[in-house]
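First chain written, first letter: the chains are A, B, C, D, E, F, G, H, I and J, and each begins at residue 1.
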Amino acid sequence: MLYLVRMDVNIPLDMPKERADAIKAEEREYSQQLQRDGRWAHLWRVVGEYSNYSVFDVADNDELHTLLSGLPLFPFMDIKVTPLAKHPSAVE
Amino acid sequence: MLYLVRMDVNIPLDMPKERADAIKAEEREYSQQLQRDGRWAHLWRVVGEYSNYSVFDVADNDELHTLLSGLPLFPFMDIKVTPLAKHPSAVE
Amino acid sequence: MLYLVRMDVNIPLDMPKERADAIKAEEREYSQQLQRDGRWAHLWRVVGEYSNYSVFDVADNDELHTLLSGLPLFPFMDIKVTPLAKHPSAVE
Amino acid sequence: MLYLVRMDVNIPLDMPKERADAIKAEEREYSQQLQRDGRWAHLWRVVGEYSNYSVFDVADNDELHTLLSGLPLFPFMDIKVTPLAKHPSAVE
Amino acid sequence: MLYLVRMDVNIPLDMPKERADAIKAEEREYSQQLQRDGRWAHLWRVVGEYSNYSVFDVADNDELHTLLSGLPLFPFMDIKVTPLAKHPSAVE
Amino acid sequence: MLYLVRMDVNIPLDMPKERADAIKAEEREYSQQLQRDGRWAHLWRVVGEYSNYSVFDVADNDELHTLLSGLPLFPFMDIKVTPLAKHPSAVE
Amino acid sequence: MLYLVRMDVNIPLDMPKERADAIKAEEREYSQQLQRDGRWAHLWRVVGEYSNYSVFDVADNDELHTLLSGLPLFPFMDIKVTPLAKHPSAVE
Amino acid sequence: MLYLVRMDVNIPLDMPKERADAIKAEEREYSQQLQRDGRWAHLWRVVGEYSNYSVFDVADNDELHTLLSGLPLFPFMDIKVTPLAKHPSAVE
Amino acid sequence: MLYLVRMDVNIPLDMPKERADAIKAEEREYSQQLQRDGRWAHLWRVVGEYSNYSVFDVADNDELHTLLSGLPLFPFMDIKVTPLAKHPSAVE
Amino acid sequence: MLYLVRMDVNIPLDMPKERADAIKAEEREYSQQLQRDGRWAHLWRVVGEYSNYSVFDVADNDELHTLLSGLPLFPFMDIKVTPLAKHPSAVE
């Protein structure tokens, strides 16, 4: 089941660089693991912004919330979720 | 080059059903041709709305505008385009 | 799986009363059938508006879109869907 | 009498973890007591956000404000209240 | 129990003047009856707009919705309701 | 002359409790004095928010601004003013 | 007493040109009479829009509403009023 | 003197195609004349929308309003104007 | 050439009072000098807000930006500029 | 390929002046280098705001994101990107 997710990252400007780097490294590992197991189906950067649009493919709402709230950057992000359905004209 | 596109369809309520059906049939054919040649990479329905989120994979801004403005439903849609870039954590 | 859904009804002011009444009667029957089978879990009127907040309990995004787009009033409504997850403090 | 309530939680990022945990524990206890006595009728997490949608069943506006302003997280939340009425098509 | 209500009137520009005048006369009578029995506690014009802010004093949400949805101008208005509670510094 | 005023209070979360309490006590005294002399005609709490809707009855725009900018909480509030006129259907 | 007023004009596109011209001529005469007696203190066009910003100098809220609601274009305008007070740094 | 101008075109869907084509042809001629004399310095299509961003180079606010309000499509457009100044880091 | 300018002042709550007073005194002097030479044509307080609406009469966009960005309070203000043109019905 | 880019700068008010000046100097150098090689085609100040509108001429979305995210002021800016296409009436 697919969801479009927009994430806007707002790391506090006064966070020490080492801590920010550590969180970003965890985020990257966390994200790539989910990408590899197929649940984080797409991950794109929004041009000019510290933001991404992603597509998740998960079993249900609860699984999606568990994945998103577990993101190392979750406390520093605004996240908006749009549930997607099959489009009648889609050939995929 | 990828773009996220949201399309909200507003067909006038007083359009004769045959005309609306004809336009929708053209739209479907137009869309599926672009999906098959790879330029309309994804097409998803927004749950509960007469709207879609799509991903286009085209050569440049001009090609995208040509494709979108050629949509049979173009006069009846609000369209918003978000340019996408490669995300540094993407594994795809 | 639960979703909060807000529906704002905008029937054209010039629709003949008989047609509007017929659509509303179909809507009522459609809604009550879904309420009785448990998929339309809650239906509340927003005070002062021709709008409702509803909670749907369905298998997935596709089923929800099928139910909503089949509403007799669907062409005359603005619908917004919010996916819900279990809250860690919920006792229900 | 029913109200839909949306709560968005914004705990300051620099609050010490112990204090935040203590407030959240109080919030949980406060919430579950109200859920058990029937006044906090529903509590759902908004997927992807540190937010909830809730339904309260209270005697009047004053009781609702007393309950909400007494929430341990009240100083850290944005709250929006929508009064609900019985829907003429509701079967419940 | 008090509620602040804002009503914005949008009568279609092509409604025949006689019909508009008849609806407005009914609205006036309906409104004044509720003002006299104390349920429509205040009625003020918003300067420069075909809008009013009103305060209603009714038993509950359902009574308020019944009153508002019975307004002769209801099909031509946007209405927003804000529930009010006693303010701890109010002397009235 | 009447004005509807909405005040949203945002006291900084790190203000020492004693200072906040002192300002709130001054605010209460200031408000009640104006209520008693009839210029602060109504004061209602917005349910679920640290906000109020008030009605002021003053001689002119300048007097209203003097009263509002003199509020002890003025530096911590967002205030919006709506001028009100007599409604032709008002019986009061 | 001064007020800033923004007026956005939306004459229906299908109004016959003669009728539109007649209303505009009345509007012009009405406006110039108020400008000459000093109550419509300033009238400026917003560049690129069929809109104006105006300053009115009237006795009170009621007089302003009477003037604005009497505008020949009133049924075709969105109007927003901002009450103004003397600025402590103003030299005028 | 430079201004950024955004124009959103909304031709009524029921305008006869010949009339729409005639207006668009006039608009094109009008626009190209201004482009050639240097006052309409840039004209770009917004991808996916029936809209443009333009830069005008004119003597003053009045000249810009005269040019914009003379556009054949003016009655069918929403226009927003942003005045531009020289940027201290600009090398042009 | 005229422009309407809205300025919303947001001085940080933790700025020492002496520094704030010094900046405000400079702002006052700066403003009154421009008022006296005719370039700051009008200055009004927005009732209930730490904001003003002003009208500037300057040679061009660059001069206006130079004046505004030189305001002692500039780092603490949100400023919005609306270019004004002569209104065809203005008698002034 | 062209893009319109709006940048709003929000340097923290408590950043030491020397650090802010150093970042601005780097930004200026970075910007002018891109202007000279033709990729930052236009750079204009928005009158009254610490903001600019720019036009970039780059090969694709990825190059634009690389340039923008490399701006020395990037952590302190809100950036919005609008992709532009050739306008059919453009003579340039």
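By our rule, a residue touches a chain if its C-beta (ideal position, glycine included) is under 8 Å from a C-beta of that chain, and two chains touch if they have at least 3 such contacts.
On a predicted model such as this, the values are computed, not experimentally measured, just so you know.
Novice: Tell me which chain's centre, taken as the mean of its C-alpha atoms, is farthest from chain E.
Specialist: J
Novice: Over half of interface residue numbers shared between chain H and chain I means same, under half means different, so which is it?
Specialist: Interface between chain H and chain I is built from largely the same residues.
Novice: Once you find the CA centre of chain C and the CA centre of chain G, what distance in Å lies between them?
Specialist: 43
Novice: Please compute the C-alpha centroid of chain C, do the same for chain E, then give the distance between them in whole Å.
Specialist: Here chain C and chain E have centroids separated by 27 Å.
Novice: Could you please state the distance in Å, as a whole number, between where the Cα atoms of chain C are centred and where those of chain F are centred?
Specialist: Computed value for the inter-centroid distance: 39 Å.
Novice: Residues touching two or more other chains, restricted to chain H: which are they?
Specialist: 2-3, 45, 47, 61, 64-65, 81, 83-86
Novice: Mind listing each pair of touching chains for me?
Specialist: The set of touching chain pairs is A-B, A-C, A-D, A-J, B-C, B-H, B-J, C-D, C-E, D-E, D-F, E-F, E-G, F-G, F-I, G-H, G-I, H-I, H-J, I-J.
Novice: Which positions of chain D touch chain C when the two form their complex?
Specialist: It is residues 2, 4, 27-28, 31-32, 35-36, 42-47, 52-53, 55, 82-92 of chain D that touch chain C.
Novice: Enumerate the contact residues on chain G facing chain H in the complex.
Specialist: 13, 45, 47-50
Novice: In the complex formed with chain G, which residues of chain F make contact?
Specialist: Touch list, chain F to chain G: 1-3, 60-62, 64-66, 81, 83-86.
Novice: Which of the residues in chain G come into contact with chain E in the complex?
Specialist: On the chain G side, the touching residues are 3, 5, 12, 61, 64-65, 68-69, 75-76, 79-81.
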